[in-house]
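Input: one structure, supplied below.
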């Protein structure tokens, strides 16, 4: 059951994990862009952690606050896209105190659609959208959080393996064209880190 | 890194503090984290607001062009980084005189997402927003993909013309259309001789050999069209003109901007302008209000850009209208 | 040498051609070998003329400051070299409105000899001349030998104040006295981070290590007071203020100029200005009309200078009077 | 007898010689200043050579034209000082077609005084003035050009030897202070070159 407690616990785990993942993400982003992705996520995580003690019961309002915290903490693309996805999920959950794990796929789809509209990237462009979509497909038809997580991680890994040889077509990394072939998209790796962080201790 | 600064992470905030302290009659610092610069005087009710925003490190772009006949407010990011959604929303709010706000900025992905999302936020406060993107750098994409081009020095013309249209009392649709025509009218290309250093990164954005130049390089160091031995000024001017005229031939009056990317001194800009003028006038063009100086820079990068702004009667009138900011007065 | 030019020996002439082509409403090229820039409009009969002159490579100094409320004409030498006697005499002639001409320029031996000799020539044509030398660089000589100091950015204040006094209708003695007071009121010091290259020489004027700065260096690369590791902006600002205030404490209103030597971008100047202002106002000073920008440069040299201009009522009024040139408008 | 023919011949020889001495003078000036002294003299020499075919009989007018040619050809200190000295000599010879060699010392003194007034340097400051003064003293009481030249050269050499260890106190070279100790003053060397060039072939 996804309720305030579960949401808060998950967000706290993600926020913690970002402190460790930051260096790796900065370095990867630095090979293709401005090297700020880890910083973006650490800042976002810290802003979110401040919300947790007073997170509203209403899941929609809770996610809305998380989205806003993200937009405040930086101007980087990944931050804004994450906030956009969170806002979409917030709209879907507005007025509800709890959700079933079986709704995860639909929430991920809603987030993906909003992010696609915001960033004008297509599926297949080797961005965080592809990871999100892979996770949504893996979650489809599943209702047990550990199973969803395991399936989503496997699907994201497979997607990253498949897309790794492609050149980047979106964002700053596009400028480097061929140099991005053979490298993971930093946003996908960031999403995988978030997913992996969700494992309960 | 040879820069005059204190803490690299305080670079932008200290810079803005100094900017406003030096020009209190022109600017006011406001908004989320003080990252919005607005005109010293609040917006006249009923006037359409014109806002811009983008990363720091390009003075006078963007912030410098806040002033009468130009922008109403500007959101400022870290060096070469987009401002946050909140900062942009605050810039829009401070430029709201009840007649709507035009978001006018360069074609960079991060800025677009953030300004769009900022628009969603202020829409809930009943502020009507429109968008015009400046995408004038012909070196960054071919004619077929002109909408993918980066925005560079052409922004200055767009700010000027949109600002004049707003000052003249046009409504939001009218100001937006003026800005769209201005952006459409501009073609730019630049070349770099040396890199610059983003303070927080601490090392140059790219490397370039002692006797080399790079034609078509972007203002953040994005790769250009060719890299090779430094050419004479007249040859550089001729090649840039060739690129711009191939994209759009001169058919009426043009304004010309010869712009330093930062370190290149005005002496060299005048040598370039001499060649540009001879060539354009030789082809029968009428040059209106040439601009030679530092209008859109990348801190201490050496190099220059050339912009042609193809004018019609309206654009020429708006370009000639009065404006006032510490970096440009007409 | 990474400069945008054609023939290094044509650098100055092509630069002047471009300058006048870009600003035909402001400048007119005249005199021996075209090396005099005068205002586009001939001098008003009865007005005292104010001329300057010196080597090229310092734009906007000297030539840039020709315009209403500023200089009437300027003689231009090769880069960092004095104009010839003939060129100076022609500048004086073109600034002669029958009420005499003030020669107002920086304290450099070659310029002095040539302007003096030019004065001898025009004396035969019954043009009365006076001289005021600007010698504001406190790093170039101690207080006891203040008359040996070089002229640097303080020249800009002297041009402005003398130009305003002449525009106000003062006679030659009055304009000369205004200029003398302005020159006397200015104290400057600068620091360099990187050299520049004289086109005809083709190599940098000096060498400086990657992490080094030189405090007190002259605008042609003359050795300074110390060379050492680059300090934080606030420390540099504090040290420069210490030197200026030790030479003359603040007793009334002051104008402050934070000036880039060329490559140093406005972002860094604002960071410096922030520190200067805090310190000066903390000591109770009233800052009038701060100037932050590129006012006196050495082409692409990196570094900056700080000038204090100690004002009284007359100087403050003349400083605030209108002026207009492509580089500065009040 | 100094008349137009002798003056023109002497000037022609100096002008010719400058083309050869230029490199050495540029190099010496370059060690302490802007390295343009040779260029100044070559330009001056060429400007003077153009005057020679139509040089006036009046020695005063002739020297006045030579001085003016010098002021036109460059803005360098040495050029202006040379022109200043020539003007002083021109004034002294105004209206005369000829002069006796015994007047040379007085002419050199007149030039030196004017140059001193123009440049504000004192004797002993290690400038061209010291060479000029040494030549004037050597010329005093002599009336035969070859003897004057020989004595002047010896006196200039002795002066250069004596002043070489001193630091420069005037002009750009002053900036370099100690670096100028042990080096000849470029202007003195230029004057010596002019003097040496006067030897008839």
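Note that the chains take the letters A, B, C and D in the order they are written out, and that residue 1 is the start of every chain.
Everything below uses one rule, namely that a contact is a pair of C-beta atoms (placed from the backbone, for glycine too) under 8 Å apart; a residue touches a chain by one contact, two chains touch by 3 or more.
Model, not experiment: these values are computed from the prediction.
> Report, in whole Å, the distance between the mean C-alpha point of subunit B and the mean C-alpha point of subunit D.
57
> How far is the middle of subunit C from the middle of subunit D, if each middle is the mean of its Cα atoms, in Å?
A distance of 33 Å separates the two centres.
> Subunit A to subunit D: how many Å between their CA centres?
83
> Which residues belonging to subunit B are in contact with no fewer than two other chains?
none
> Can you pull out the residues of subunit D that are in contact with at least two other chains?
Answer for subunit D, listing residues that touch two or more other chains: there are none.
> Counting only chain pairs that touch, give me the topology of the graph as line, ring, star, complete or other.
Chain contacts: open path, no cycle.
> So which chains end up touching which?
A-B, B-C, C-D
> Provide the residue numbers of subunit C that touch subunit D in the complex, in ascending order.
Touch residues, subunit C against subunit D: 32, 77-78, 80-87, 109-110, 112-114, 116-117, 198, 201, 218, 222-223.
> In their shared complex, at which residues does subunit D touch subunit C?
On the subunit D side, the touching residues are 34-36, 71-77, 79-81, 83-84, 118-120, 170-172, 175-176.
> Which of the residues in subunit B come into contact with subunit C in the complex?
Answer in residue numbers: 2-6, 11, 14-19, 21-22, 56-57, 59-60, 64, 193-194, 210-211, 230, 232-234, 236, 258, 262-274, 277, 290, 292-294, 297, 299-300, 302, 304, 326, 329.
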